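Have a look at the structure below before the remarks.
As written, the chain order gives the labels A, B, C, D, E and F, with residue 1 at the start of each chain.
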């Protein structure tokens, strides 16, 4: 079960990431080939940037790859899928020995996506960051702000205290 | 004691009379408007602007206040419940329900005939507002062809979180005291079928064996040519028809006409248009999940689309209804239900799966 | 048929008059330099590729210019600009961007749902620096088969048991959130 | 000692109440506001004229977008001017400034070399900004009361307690000069429209320290304030100065920092008017209000929840005549 | 008769592959003009067409749509003459509980509606028994009902 | 799931990214339509006056792992716009009721079966047909299976609705599997591969024993065929003996990559957790049927 919102239909991604001369196929097989390139680089670098469509599609494939790999490297199907999806064979060891134990008892999904800002003047397609959780890199948002002391949160917090105490001793709100 | 906060709010109550989903008004040819009329209350606000400001437990507290305010409110209004008038055959026109189409399923009759049933689930319907005919005739959206005979009953479905809606839209639900609804629709009703705002409606509004009309927006196919949109034959595929395979061909005759008649079938936007199927029989009903099994697998609209259901206006069914009056003006569980309501109610001609297989007697041909 | 013939004659006469002018302008006064000084690079690129064969009529007919639908009259600037930036197109340029927010750390503006670009720039550099501190042979071709721990200057390696240690010879940046350093750090990592 | 001072103040107030009412019969709030505004303007021009030679001071700016050093004019340039040199964003969103760690009005001239920091509502700990915003809320209730009522009602503002955001509302106690009147929802709604419109005008909140004599001259027709001024002056640093704030043409006494301009305000509601009984000043009206800044958008529904709470009587202490003991306790509180 | 029937389905290819008889597709899934049919009664004409390897072809369907279903009457060109016949089995995908045959079967009928043959050699759909009209005449010949 | 994410202050900054996509993107063709998640949210929302009560699932024991292959039609149709929890639950209730009255034994494609159907025109009002099952298709109450036989040298197929009330009895004469999921190539095969005698004796399959796999390899007749069988990589067919160009064209048309398209598989199948839930419920349903049948037997005796 994928624990993040996936689209109902796959994206066609017909715009070839690379041209036929560079050896990238076209059409559905070419699309899948491009996906393997992205999944491969994500497993190696654990944080990659690219156009939003490709990142989002590759995210689904990475999550499913991790779920299948969780069956262990003895399982023939898991090894076959990993062999297809990870062109660099040293990453297969990393997948089974590093990533699978890392996400063993995760309740959330194993990847996270951030949207990158639009460079001026805009018009280029949206880019985003796709990263595997638990990577050693510095966090994308170093110190997230805790807004519990902002004016409206303080007001609501005190309103809650009043509300709870009022409803506790039976006075109708 | 709820503070009306923004001055424009009560102004909106008076002028933006009600958010009305006008049912189909067929101007010549097929015409639809995807844009809501200007006098609709502005519905949505961008939730993320506000949600990011609140901390987790404050958001939790706000949800708690919403539930306390709206959860199982007995009677929101101080004045007594409205009187239940008698059903007048041929004159009374009742309100209807706003349901969701959840799928089609095959069923069989007792004599082995197979047919498709569409399942419509009625989720969380409330009456939002009743407007008597004299006031309704002055309001926006009134059509003179109704000759002032009908009042308007606004029914809402799917209560949701008020933080998603604008102040104007929330103002519409103040009178009924119900949580804001994701979807509103209006039914033309005769004055004696008026229902008090805030009354919950359920599938028991109809009875098994009744005939209903069902309205929904058809699946949109975008800009389509005449072959798909109107079923034209188009041109021959071979023998050298230069660029004439799917074209409409001639669109008008010469001298006397020398123009294109209005309503001429041409390529254009196809689908996403209100469509009505009339006289569908209700074969079966599940009262626990408020699901109606309606005859026919060809209801307009995709799965999970909104569907408006109201008593069938075909003359035969209007007469039939005269003999078997439906619950007037709707079904009140605490008053009308004599014994506990069974979970599944079947039509007597429908084959119940608990019965043994059908066996044809020797005698019958 | 006759007016077609006259039309062809006018076109041919027109072309003759012009091609003389075209040839003359290209060679003698190209962008104000004496032809000798007209460097190859200065010549318009489109001219450079065409082989210098003499102009002949059948080129004209070769790409059947007469059968293609071509504009009859020249479009005025007014019409062209109205189409491109006219009243119906103004919406595209003039709608104000209301979903912009200024970053609380560095004050640069970005869209509400995206992260702050300049803050992330620091993170990107730091990540690249950390990656380069690992020996590229291993990183790109023979990835270690265990978790990798990047130990910065002034940190000792043994609080990362059974991890592949990579020495980074510079202190950990100060903006690196503290709560991430302790054991079993938070789930924001 | 304590007993006697209270009896003294009761004597003082009972007599004064009768005397002031008669004298104030003829005057109306509008004229008094105009008079105070002129006096304030003249005093401000006078103080400006005192500065003949412009000296330079160094201002060390700390915080986003970058730390920098600015050369500004002593006594003339304000933190807002510094923001104008740094970033437009700072100008629009800053509420207060921190000058050497002390809260400082954004439009108050700098006196000496200092380290400058700008505060806004989304800081890590915006307590100072919240307090200033709440104090401005009370100040604006005073502004509203003096404008909203018909002329025959002579409103005399008394005082507002220290701003406490936890109570959920800011307060101004005043004598409205209307006998038995409990405002309906619609009336409160109309009263709220006056301050709510302020968000569209960019009125600066100017701060001015004036001599006690001028202050008492300004507030001579307000019996409460004129009785408080000597104590306020005594408490001040120089012993005889009173800090005033002007917004548009409304002038009022307040010592704490207020926010930079009214453009920062988003929603403003006068939520309730309660009758309160103060021993020194007799029966008054406690006017309560609620407001949220533009930088912190809040949905209309959640604002409604806060409004309902703000309508309850604010538990702030009743306004009391100052005397030595009260001032002592105030200082160390 | 059975000996003539080679072990597999009736061979639809004539002995000498003339161009107009050579067919590359299987017989169509439903019956329209020029569909090749198979005579399933023991009428002489039917047997001759099988021996000659010339399958009868439908040249007209007596219904509004021009697509023949079970129970429709068709005009068939068989052995150089025109004969009427009833369809008793179709390759088209059938409704549930209705049989679908591997070949389009017909039973030849005389002009007055009487069947030419005396027995139908293959099973016939049982819901044909509910049909009215002169189809009922040929049902008498049927031995097996699927 | 989106709400859960939206609670944390910092995470609410994140939630915006998920919120948009977690509500599955309903394309504009379906105006006026709700996504599956929104409908589920409203059904269980505490604001609704007819809030769906959460009945506790009384699952006494987990389902046997292979049940999914025995009763494939209980799994819902995986296409996203067909999915609806309530519709599937009500449909399954009907299926249990029907199976309580007319039990349908375990069978696979390739088993020899006999079906007795109520037929108003046949003598004795029933019509029994014996044949080999060549296809088992569709979901829920629409599930059907096709039996094929050759009678008097005439190939014959009948598609039965599994849950049609006209079916009196379904017997499995030979419980076995074949190497392929569908046996349509029998149409192009000689008749003896599809011929099943009507008076075949039923061979009862020992319960619990693995289902035998009939590994006969059918020798197809000459072309023209119904389909290009060389493109279907059938296992139960002998070498087709076609010229090389057929196989090259087949290779060109084949889609070997789809086997590794993980998301395509995810979207066209029901994910494991949900399959287990449904199968547990099915196992519970069958146990219920057993109990009811035993109770009836006790009453009768």
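Quick notes on this structure:
Just so it is clear, a contact is a pair of C-beta atoms (placed from the backbone, for glycine too) under 8 Å apart; a residue touches a chain by one contact, two chains touch by 3 or more.
Source: prediction; values computed, not measured.
Taking the CA centroid of chain C as reference, the farthest chain centroid is that of E. Averaging C-alpha coordinates per chain and comparing to chain A, the farthest chain turns out to be E. Taking the mean of the C-alpha atoms as each chain's centre, chain C and chain D sit 55 Å apart. Mean C-alpha position of chain A lies 63 Å from that of chain E. Between the CA-based centres of chain B and chain E the separation comes to 52 Å, rounded to the whole angstrom.
Averaging Cα coordinates per chain places chain D and chain F 76 Å apart.
Within chain B, the positions touching two or more other chains are listed as 48-49, 52-55, 62, 65-66, 114. Among all residues of chain D, those that touch two or more other chains are 122, 296, 298, 302, 305. Annotation for chain E: residues touching 2 or more other chains are 96. On chain B, the positions that touch chain C within their shared complex are 46, 48-49, 52.
Contacts from chain D toward chain B in the complex involve residues 185, 189, 193, 267, 269, 271, 296-305, 307-308, 311. Partner chain C is touched in their complex by these residues of chain A: 44-45, 47, 88, 90-91, 93-94, 97-98, 102, 108, 114-119, 129, 133-145. Per the touch definition, chain D reaches chain C in the complex via residues 64-65, 87, 89-90, 93, 122.
Those residues of chain F whose C-beta lies close enough to touch chain B in the complex are 6-9, 11-13, 15-16, 19, 28-36, 39, 42-43, 45-50, 52, 81-82, 84, 86-87, 90-91, 94-95, 97-98, 100-102, 118-120, 125, 140-142, 161, 163-168.
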